[in-house]
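Chain naming follows the written order as A, B, C, D, E and F, and within any one chain the residues start at number 1.
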Amino acid sequence: MDKSMLGGDMPQLSEEDNVRMSTMIDQLQIRDSLRMYNSLVERCFTDCVDTFKHKSLQKQEESCVRRCAEKFLKHSMRVGMRFAELNQGAATQD
Amino acid sequence: ASNDTASSLEKEQIFSMAEKEMEYRVELFNKLTHTCFNKCVEKKYKESELNMGENSCIDRCVSKYWHVTNLVGQLLGSGRPGM
Amino acid sequence: MDKSMLGGDMPQLSEEDNVRMSTMIDQLQIRDSLRMYNSLVERCFTDCVDTFKHKSLQKQEESCVRRCAEKFLKHSMRVGMRFAELNQGAATQD
Amino acid sequence: ASNDTASSLEKEQIFSMAEKEMEYRVELFNKLTHTCFNKCVEKKYKESELNMGENSCIDRCVSKYWHVTNLVGQLLGSGRPGM
Amino acid sequence: MDKSMLGGDMPQLSEEDNVRMSTMIDQLQIRDSLRMYNSLVERCFTDCVDTFKHKSLQKQEESCVRRCAEKFLKHSMRVGMRFAELNQGAATQD
Amino acid sequence: ASNDTASSLEKEQIFSMAEKEMEYRVELFNKLTHTCFNKCVEKKYKESELNMGENSCIDRCVSKYWHVTNLVGQLLGSGRPGM
């Protein structure tokens, strides 16, 4: 999640309220990062780990998880760029 | 001290609305990301790179998801442009 | 989500607390509406859009999304009615 | 000013419980709605109307979901009637 | 969810803050229990109920739901135990 | 009254971080539980007991999930050990 995504037209705020608003955005970003972490683990585990004969992660599973996570992060960045473009397009149309 | 004056309830509502709006956008982005990953990305993970086919699929998927968001928004009468 | 769903036996509240409670319910309804909007988009997109040869929504996909959303909303209203009946039945049994 | 008196912590807890209760009901309703849509509604969306078969399936699905909620509630020892 | 799961190194807190922290943990546990209840119902309903010729739960469906819920709860307890062991192992490694 | 003094904003942030950390752990536990149930447990529910095969699958599943959490954590640069 990118800070610019949350943008938009905010009413004029006092110094104190600005601090509060920015604190709130930071808090949302922290929560979102933690959720993303959880859902990335869930997805890559589900897609890559299917046998339970061993207690530890097998080499093949490990490299699958790595590629899965990297691929998802690249995907997520690309989506973020496209999403930002559409958001800006919508903003200029207004 | 201005934080605890008479209008604090109204101010709470403004902050609360802004918070919901942001939560909404974050959720939209997350659903979009997961949905387009499911639609476009090969799940055997032989590569850690996105190939050309995946990349163009992702771009179109985001664009179409955006259109669907607008379309459903119109039906719901919110009139919010992808928001 | 219908306000009546949230009903139930509330203890006697002061005027001030009533305002606060009702504000809270409004806030939950707003959050719920936004989530519903998001999940409706996700569902109808997933069910209706499957080809990515074009950047814009095709006519056929568009009408599929419309019918999907309308159908889901009708479904949701029906579930709401049945759910309210069961809630009331449970309340009278108590 | 009564809002910030000694008992404010207890009052917070009461409001917090009420909030959780409501969130619970909203989540129950949403899960019920999505589950019964998956069980009962044809996904090709040839029509925007629910047909008779879908409607009666939905009614029964809601009723059964309610029973399952009660049953699981008993097992969990909550004793809450569909709540 | 087990209270010990939430543990970790907390900074020194005043009496008042301790009360608040513990209230927060209680609140999270209540929310988590309610969510668990909802997701257990959803899972067992989805896995056990598939015919809609009747309005009331059939004997067979009812016993399926009972076994499903009991099995899930036992599973959840076992996962909790293993999870706690791993958490403790990680804590001692630090 | 110490609750509303000058540093209340900082304190809010500390509590808010602790809250997020806990929410994160609860979510991790819930996802782990649901994922391992899906991977290991037979869904016809002929028994209400977990059999030996299911039990050992669950133990290994939890262990592997933990490893994946650490691995992904390293990739994300958080360095948090399963946390």
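Here is the rule we go by: a residue touches a chain if its C-beta (ideal position, glycine included) is under 8 Å from a C-beta of that chain, and two chains touch if they have at least 3 such contacts.
Just so you know, these numbers come straight off a predicted model, no measurement behind them.
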In the chain contact graph, what is the shortest path length, in steps, from chain C to chain E? 2
Note the rotational component of the Cα superposition from chain A to chain E, reported as an angle of 0 to 180 degrees in steps of 5. 120
What's the chain with its C-alpha centre farthest out from chain F? C
Label of the chain whose CA centroid is most distant from the centroid of chain A: D
Here the gap between chain D and chain F, centre to centre from mean Cα coordinates and rounded to Å, is 25
Chain E to chain F, mean C-alpha position gap in Å, rounds to 11
With chain centres defined as C-alpha means, what is the inter-centre distance between chain D and chain E in Å? 18
Residues of chain B touching at least two other chains: 21, 23, 40, 59, 63
Among the residues of chain A, which are close enough to touch at least two other chains? 20, 35, 39, 48, 66, 70
Treating touching as the only link between chains, describe the layout with one word: line, ring, star, complete or other. ring
Order around the closed ring of chains, commencing at chain B, then chain C: B, C, D, E, F, A
Touching chain D in the complex, chain C uses residues 1, 5-6, 8, 10-11, 14, 16-17, 20-21, 24-25, 28, 32, 35-36, 39, 43, 47-48, 64, 66-68, 70-72, 74-76, 78-80, 82-83, 86-87, 90, 93-94
Please name which positions on chain E make contact with chain D in the complex. 19-20, 23, 27, 30-31, 34-35, 37-42, 44-46, 48-50, 52-57, 61-62, 65-66, 69-70, 73
Could you pull out which chain D residues touch chain C in their complex? 2-3, 11, 14-15, 18-19, 21-23, 25-26, 29-30, 32-34, 36-37, 40-41, 43, 45-50, 54-55, 58-59, 62-63, 66, 81-83
Show me the residue ranges of chain F that touch chain A in the complex, using the header's touch definition. 9, 12-13, 16-17, 20-21, 23-24, 27-28, 31, 35, 38-40, 56-57, 59-61, 63-65, 67-69, 71-73, 75-76, 78
